[in-house]
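You will see two complexes here that share chain A, one where it goes with chain B and one where it goes with chain C.
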Partner chain A sequence: MELTAILYAIPWDQILIQTVNGIVTGMILALIASGLTLIFGIMDVVNFAHGELFMLGAYVGVVVLATTGNFWLALLIATLVVALLGAAIQIATLRPLLGRDPLTTILATFGVSLILQNYALWQFGPVARKIQEPISGRFTLFYLEYPWYRLMIAGLSAAIIGGFWLFLKYGKYGIWIRATTQDRVMAQAMGIPVPLVHTAAFAIGAGMAAASGVLFGPLVGVNHTMGLDWVLKAFIVVVVGGMGNLGGSIAAAIFISLLEAYASIWVSPAQAVIVSFVVLILTLLFRPTGLFVPTPK
Partner chain B sequence: MNAAANDAPLIAVDDLHTYYGKSHILHGVTLHVRPGEVVGLLGRNGVGKSTTLKTIMGLVHPTEGSVQLGGNPITGMPPHKLARLGIGYVPEDRRIFRLLTVMENLRTGLDRQGVTEEKKRSLLDKVFAYFPVLAERRNQAGGTLSGGEQQMLAIARAMMLEPRIILLDEPTEGLMPRMVSQIRNIVDVLHQENVAILLVEQNVPLTLEASERVYIMEKGVVRHHAAARDLKVNDAVIHQYLGV
Partner chain C sequence: MTTAPLDKTMPLKKMKLSHNTVFWIGFCVVMALLIVAPLVLPVFWQRFLTEILIWGLLAMSSDILIGYTGMVSFGHSAFFGLGMYGAAAALLMVSPPNLLLALAFGLIAAAAVSAFVAYFSTRLRDIYFAITTLIFSQIFYVIIFTWTNVTGGENGLSFSRPRLGVPGLWTAPFTPETLHWFVLAVVAGSYLILRRIMRSPFGMVLQSIRENEPRTRAIGYPVEHYKIVAVMLSGLFAGLAGVLYAVQNRFAAPDFVFFLVSGETVIFNVMGGIGTLVGPIVGAATFLLLREFLGRLFGDQFPYLIPLGLIFIVMIIFLPQGLLGFARRWLNR
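Entry: the complex of A and B
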């Protein structure tokens, strides 16, 4: 009897709904964090402008969508434009600072983030813009009309991350990126053009941030500060997942998003954010190399 | 080897001065290696042997002096260009890409422009014939190999570049005798293939046996230069500079 009472007391419907929610936000977060952890892993650069690349991606999406009316074209063009912008930013600000004190690159990317944010404010104004989702269907999930689009975001993010993983694993340039991440000096000595690999990695990370911006745009308004919340969470994910560890970041993104989603069954979503920080602090205290990192041999 | 035909040096290092921060490491190193020639570079720890190799490879920038490859100046060129020009580098600590598999380690040198699939296959077949253990472990992470296997992988990886010269930094350090003789064999094989080698070693007998000429360094300069056959392990010169 006791057990049945407990089972009835658990809000199974809410838990299932929050599982779906957690996976959806987790995949978006994983997409942002993948770029961040890639850039950190290969260049030792903590990219404080990552949230702004996400935001600019969403804005480019808004503009392309307004002119062409095609969401997929908007996604593609935003990714490419922001990837190119990322390459330009890397060449102009980070390449000259390679190997210097990490503080210099932190300041540089922070400066870039301020410039991009204020550019967006100046160009697009303070009023949030809207990206129309490409599919508007809904399905019934218990008492909710759940939008298909949210599931599509999760699927697309997973597809982009999966494609990126395959590229890293099997592609010639993927191997270059992994070799450079592990040993920059030896990679050079093997004929790998390391400065170019750095620029390409930054561009890929920027493009992934932009893609997540466009994908996430329909769920919230697009405005010049939308990157801030996400980049903070992405930083937490990158640290919890083990700095520079791609698989760890993806696992951490889903883990933290699920925890937050479950927490918001009982507390308000604003308070649920605390869960992320608790996980972050516990990770730093007890396993500072990251939760999802195999113990090094 | 047909020394007369190949008298022009492949690598010519002239009056090289290198600093690490404020400490002056190389005080004017001058040496050369002819095509296909094995040249030993001996000296005590900390006399600048490894730094000489790093400077040739472009990993450390000299403040003075020059390096030429086949008569063309290469001083200050980035390492990845030097690798493409045919300088292979096998560092002292091997620097295997630990998380990459053996095959991926080899691919870092193989995936160059202008290398056909056929060529890739023949290069791989060749190193797998010399180092069968690498073929067995091709899908294993580099970091899981033993020290000797890692040394083989480091050499095999440099061979993927089809180098004209390999800078070989203490390849036998810390290896078991059986491995040492295997490394010794591969030096001979490379020599037969007309790959020049600049060999930095602490192992004097091995160096004298494998090399045609030997340079002896002390305190950042070359103090002595001789044909290897003119030196004996118990030579006074060796004793003076190496204390063996």
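Entry: the complex of A and C
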């Protein structure tokens, strides 16, 4: 009797809807976090400006979409432009800091994030811009008209991450990146141009952030503060998943997004963020090196 | 009649004042200038100077971690903001508003929060510490922002300014001058206390953690305990700055718990020179003056953080010791 009452009290339809929502945002978050993790893993740099690259990607998407009207072109151009910008940032600010205390790099990228964020505010103003969804079809999910586009985001993000993984695993330059991550000095000795690999890795991470910015743009408005929310989430994901661990970050991104989505059934989305903070605290308490990596001796 | 060593030391002693004397003379000169300043300056700059001192105190508190213990905190806005809201609670609940109670409440709130943050975040080092402090400060931001019934949410809280003095014994309403002197007294006192602490055996252990943490642990110091105490000490003084800010501006707003305040605190430190205690105050002054200057030159809408961010990055690359870096050794001797 009691049990059936509890079972009836659980909003199954809402839980299913939130599962879909959670997976969609989780894939976006995974795309952002894997760029962050790549950059951290290869050069011990925590890229504070990652959220700003995400935001700038969305803005470039807005601009290209306004001129050409083609979403896919916007996605491609935003990715390339921000990747180039990332390479420029890496050469201008991070290369001179190579070999210094890693903490100075977090300060430098923080400076970059301030500049980019205020540039976006100055250039585009505080009013949120909208990106039109490329496909407007919807299907019925219980009482909701669920847009296909959201599922497409999840699929595309997964495809980008998968492609990236294949590139790391089998591509020649992917192997360069992995070699540099493992042992910078040895990679240099084997003839790998390590500074170039660093720049390329930063550019790839920046491009991934920009792509997720364009993909995510249609769901919420594009404005200059969107970077910070996402970089914070990505930081949580990266700490929970284990720093520099690609698979861990992806798992943690989906895990945390699902938890937040479920929490937002009962509390407002602004308060649902606290769930991910709690996950972070618990992780720090019991598995400080990350949930998805074995604790080192 | 004389021996060789005496011959050498005698003229030296005549020519050079001891390090201590020079320090105190310098301290007194700066203090005298700052005491006289509100009597000479126009109202705007008077207020500006008081604000510089308050932000300087916040930056100085963060220097304990950045400069002396080698941990970059991106979460000082939480301590600052909680000091602010603690003071607000005392000033709103008790009437007439009581300055000492505001101080006590603010410090207790900041201490509680910093104990919480310290317990968790000191488990991690370097970059991880920076990120966790940042995330913790965002937790408090979200709580304060969404808990509208208690904190006033986005609008914050406004209250009246307490009277200066000890209730029952002697009180007087704050004038801009006495407010400035009160802030100056608190900041100068904090500086002297922190300087003393950083030169004490405790401070030496913190500095040895900065220089070589594994070795400090190997010598037998409980590094984790020292770190927790350092974060709490830092949080306490940041909370003190928050109380001062609340008293000066008569409001508490969630914007001050937002991460941008922590970021600016770090910028003050790097600009002024970490590990000097006074450097961060100089950094805060430089930053705020530059901001004011740029605002006047190009109008209020000018995105001042773009040039300031560029200056910040250039300083990290070419002048990592900051403006007062050249005096670092001397100030800590």
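Convention: the second predicted complex is superposed on the first by the 290 of 297 C-alpha atoms of A that agree within 3 Å, B and C clash if a C-alpha of one lies under 4 Å from a C-alpha of the other, contacts with A are read in each partner's own complex, and residues count from 1 in each chain.
Criterion: contacts are C-beta pairs under 8 Å (C-beta built on N, C-alpha and C of every residue); 3 or more make two chains touch, one makes a residue touch a chain.
Every value quoted in this text rests on a predicted model; they were computed, and no experiment measured them.
Asker: Would you check which partner chain A:277 touches, where first means chain B only, second means chain C only, and both and neither mean what they say?
Answerer: In the superposition, A:277 contacts chain C only.
Asker: For A:219, is the partner it touches chain B (first), chain C (second), both, or none of the two (neither)?
Answerer: In the superposition, A:219 touches no partner, neither chain B nor chain C.
Asker: Under the stated touch criterion, which partner chain does A:73 make contact with: chain B (first), chain C (second), both, or neither?
Answerer: Neither partner.
Asker: In this superposition, which partner touches a larger number of chain A residues, chain B or chain C?
Answerer: C
Asker: Quick one: classify A:111 as touching chain B (first), chain C (second), both or neither.
Answerer: Second partner only.
Asker: Applying the touch criterion given at the start, work out whether A:193 contacts chain B, chain C, both or neither, answering first, second, both or neither.
Answerer: First partner only, chain B.
Asker: For chain A, what residues appear in both contact lists, the one with chain B and the one with chain C?
Answerer: none
Asker: Show which residues of chain A lie in contact with chain B when the two form their complex.
Answerer: Chain A residues touching chain B: 172, 175-176, 178-179, 182-183, 185-195, 297.
Asker: Along chain A, where are the residues that touch chain C in the complex?
Answerer: Touching chain C: residues 44, 46, 93, 96-97, 100, 102-104, 106-108, 110-112, 114-115, 117-119, 121-122, 228, 232, 235-236, 239, 243, 268, 270-271, 273-274, 277, 280-281, 284-285, 288 of chain A.
Asker: Quick check: in the complex, which residue numbers of chain C touch chain A?
Answerer: Going through chain C, the ones touching chain A are 72, 74, 120-121, 123-124, 126-128, 130-132, 134-136, 138-139, 142-143, 145-146, 259, 263, 266-267, 270, 303-306, 308-310, 312-313, 316-317, 320.
Asker: Which part of chain B faces chain A closely enough to touch in the complex?
Answerer: 57-59, 78-80, 83-84, 89, 91, 95, 97-100, 104, 107-109, 111-112, 143-144, 157, 160-161
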